Amino acid sequence: MSLDIDRIASLPQRLRNRAPRVHCLLNTVAQKLVADGLSALGIIPSMTSSADEVAHFARRADALLVNLGTSTPEMRRAIDIAVEAGTQAGRPFVLDPVKSYASPIRHDFALSLIANRPFAVKANAAEMADLQPAASKATAVVETGETDRITDGERTALIRNGHPWLAAVTATGCLAGALIAAAATVEDDPLLAGAGAMALIGVAAEMAAERSRGPGSFAMELLDALAAIDASDIHQRLKLTHG
Amino acid sequence: MSLDIDRIASLPQRLRNRAPRVHCLLNTVAQKLVADGLSALGIIPSMTSSADEVAHFARRADALLVNLGTSTPEMRRAIDIAVEAGTQAGRPFVLDPVKSYASPIRHDFALSLIANRPFAVKANAAEMADLQPAASKATAVVETGETDRITDGERTALIRNGHPWLAAVTATGCLAGALIAAAATVEDDPLLAGAGAMALIGVAAEMAAERSRGPGSFAMELLDALAAIDASDIHQRLKLTHG
Amino acid sequence: MSLDIDRIASLPQRLRNRAPRVHCLLNTVAQKLVADGLSALGIIPSMTSSADEVAHFARRADALLVNLGTSTPEMRRAIDIAVEAGTQAGRPFVLDPVKSYASPIRHDFALSLIANRPFAVKANAAEMADLQPAASKATAVVETGETDRITDGERTALIRNGHPWLAAVTATGCLAGALIAAAATVEDDPLLAGAGAMALIGVAAEMAAERSRGPGSFAMELLDALAAIDASDIHQRLKLTHG
């Protein structure tokens, strides 16, 4: 197989043209950076997790991000409501099972969400180890790391873009998950959506790092880079191989 | 009528001299930027929304911001307690009915707060459409947009300052609401307080945009501009007309 | 007595070598800056405050920060669980009794936590006045201000580093508390841990201020400075006297 690089490179432009709404069930630490990262690309974020109104927001959105970084009983209830309302309305959802290994409740809840067939699961190596083999039943799996590994069970893409400072800025991983959710609104192929989102943030990180002196300036430059990135940046810098 | 431009232009200096306390009932996404934006002007923010202590904070404050960006039952209860305690203590409150149109609970709650006669309601066009004509019973209405429209029912001011990047940085609208609440502590005329706050953030945004390359650097420069802005900046750049 | 300056100056390097985990029970306003400030030094933050999983996170961490900036009943319950689990697992905890004077519940809760013998209490002058003499029973007391005063009851260190812009950036005080908790994982002497953490943030603030034009750029530069600071920076700039 070979992936359609043009569809990966055109993702930022397609997102700007569509301006999709992404509703994020997200821990409070990450909300601001994720909202600003989405907004920099013209994506419209919303973030409420109140159980009595989240269904309205899920239906109004074009896609959902479900991030388990905060896992209170209220948040789990809101997530269940949002996923049900969103799924009934035909909205794809992306699962980011943050630190699923760190508490039994979070682990079990992640498995119950995977059973609802997310568009994609985005996880790091430790989370993937914790959730295998259930996660591989999701439509696509995006395993993040120095090399990002995106697979739909048949095809696999490896992306080697990015920068170490991404790990020093809290919520950039959460932003990657939100970008996959946004990508799902303009790209039906989960493998291309996952690869496109990881290429987008990885290349933007490289552009940002060239203008930065440390993680503080990098966080600022990353938003500027997401607002500026276009297909030619991705074509020029993409380090994609087939696994 | 003609508005007293000197009172609009002197707002940042009057805020720095007074250093008022503004207690903010605010969604978690927006808390940090609003706190930093207020602090940049010497205003003292507080943010707790715990029902069992919010009355103490409301009474200690000089003004309240009530922002409906997070509308859980606990938050609505905290808001009711804060508004009652604040009102009894003679503190003005400003209402920002974020996305009141997106859920019936939020819509109804916004109406119940408007019945408590806020100092001002700050809303965008979609929220104003949802809440009219109730909102126009508030002392002043600040309708934000490319042109901000501030009216007290008799007089109307139009302000055309600002920058498109304001929309790409989450919580700048919430900050505008908080600035109106702060303005209420130094300016009795709600029309001048609303116009002054919108001029302040709009002019600061223009100053910031001149030093920025994208929404990330703009967010940083906006705080520097709020710390630096003075009456001459506002006199020089203000685009005010009477509606 | 005289303090071992080398142990104060070597703190950033010792933190980078150890890469300790610090679990933070922290108000939502401050979470992002504290997480990024810790990460800039290679410290691994976690932030959940869900009562049903916080014990797992407390045991996995090397130290705890307990910050009372948000004091809901749920947060107080989570803090009690975390402190008990952490203490049983031998983890030091640092208490930051934010605005303990502002509500009776918060005041009483701060006293109950001090009775659990934190590694250190970090407080400003108003909080210290509210909590004396109970606070002085903690192993160490770090009273922050223009001059930071660190004492273990027998020895006292005064540190005059820092910059006024620290007060204009929300959560830098919370970050100082988190740095004391991190320091506790590499420095057994609470006086040296407290003095080292305050020297670290104070000197980093001075380095950042030299590159900044206002509180916005200062907040960004502070993170870059925390990532870059080394022993020679602290040796060069430290203003330490014995009180």
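The first chain written gets the first letter, and so on, giving A, B and C; residue counts start at 1 in each chain.
In the analysis below, a residue touches a chain if its C-beta (ideal position, glycine included) is under 8 Å from a C-beta of that chain, and two chains touch if they have at least 3 such contacts.
In this text the structure is predicted, and so the values were computed from the model without any measurement.
It takes 120 degrees of rotation, in steps of 5, to superpose the Cα atoms of chain A onto those of chain B. Two copies of one sequence, chain B and chain C, touch each other mainly through non-matching residues, since under half of the numbers at the interface are common to both. Computed from the mean C-alpha positions, the centre of chain B lies at a distance of 32 Å from the centre of chain C.
Residue numbers of chain A whose C-beta contacts span two or more other chains: 28, 32, 219-220. For chain C in complex with chain A, the touching residues are 28, 31-32, 35-36, 39-40, 45-48, 50-53, 56-57, 60, 74, 219-225, 227-228.
Those residues of chain C that touch chain B in the complex are listed here as 27-30, 32-33, 69-73, 75, 99, 102-106, 167-171, 212-217, 219-220.
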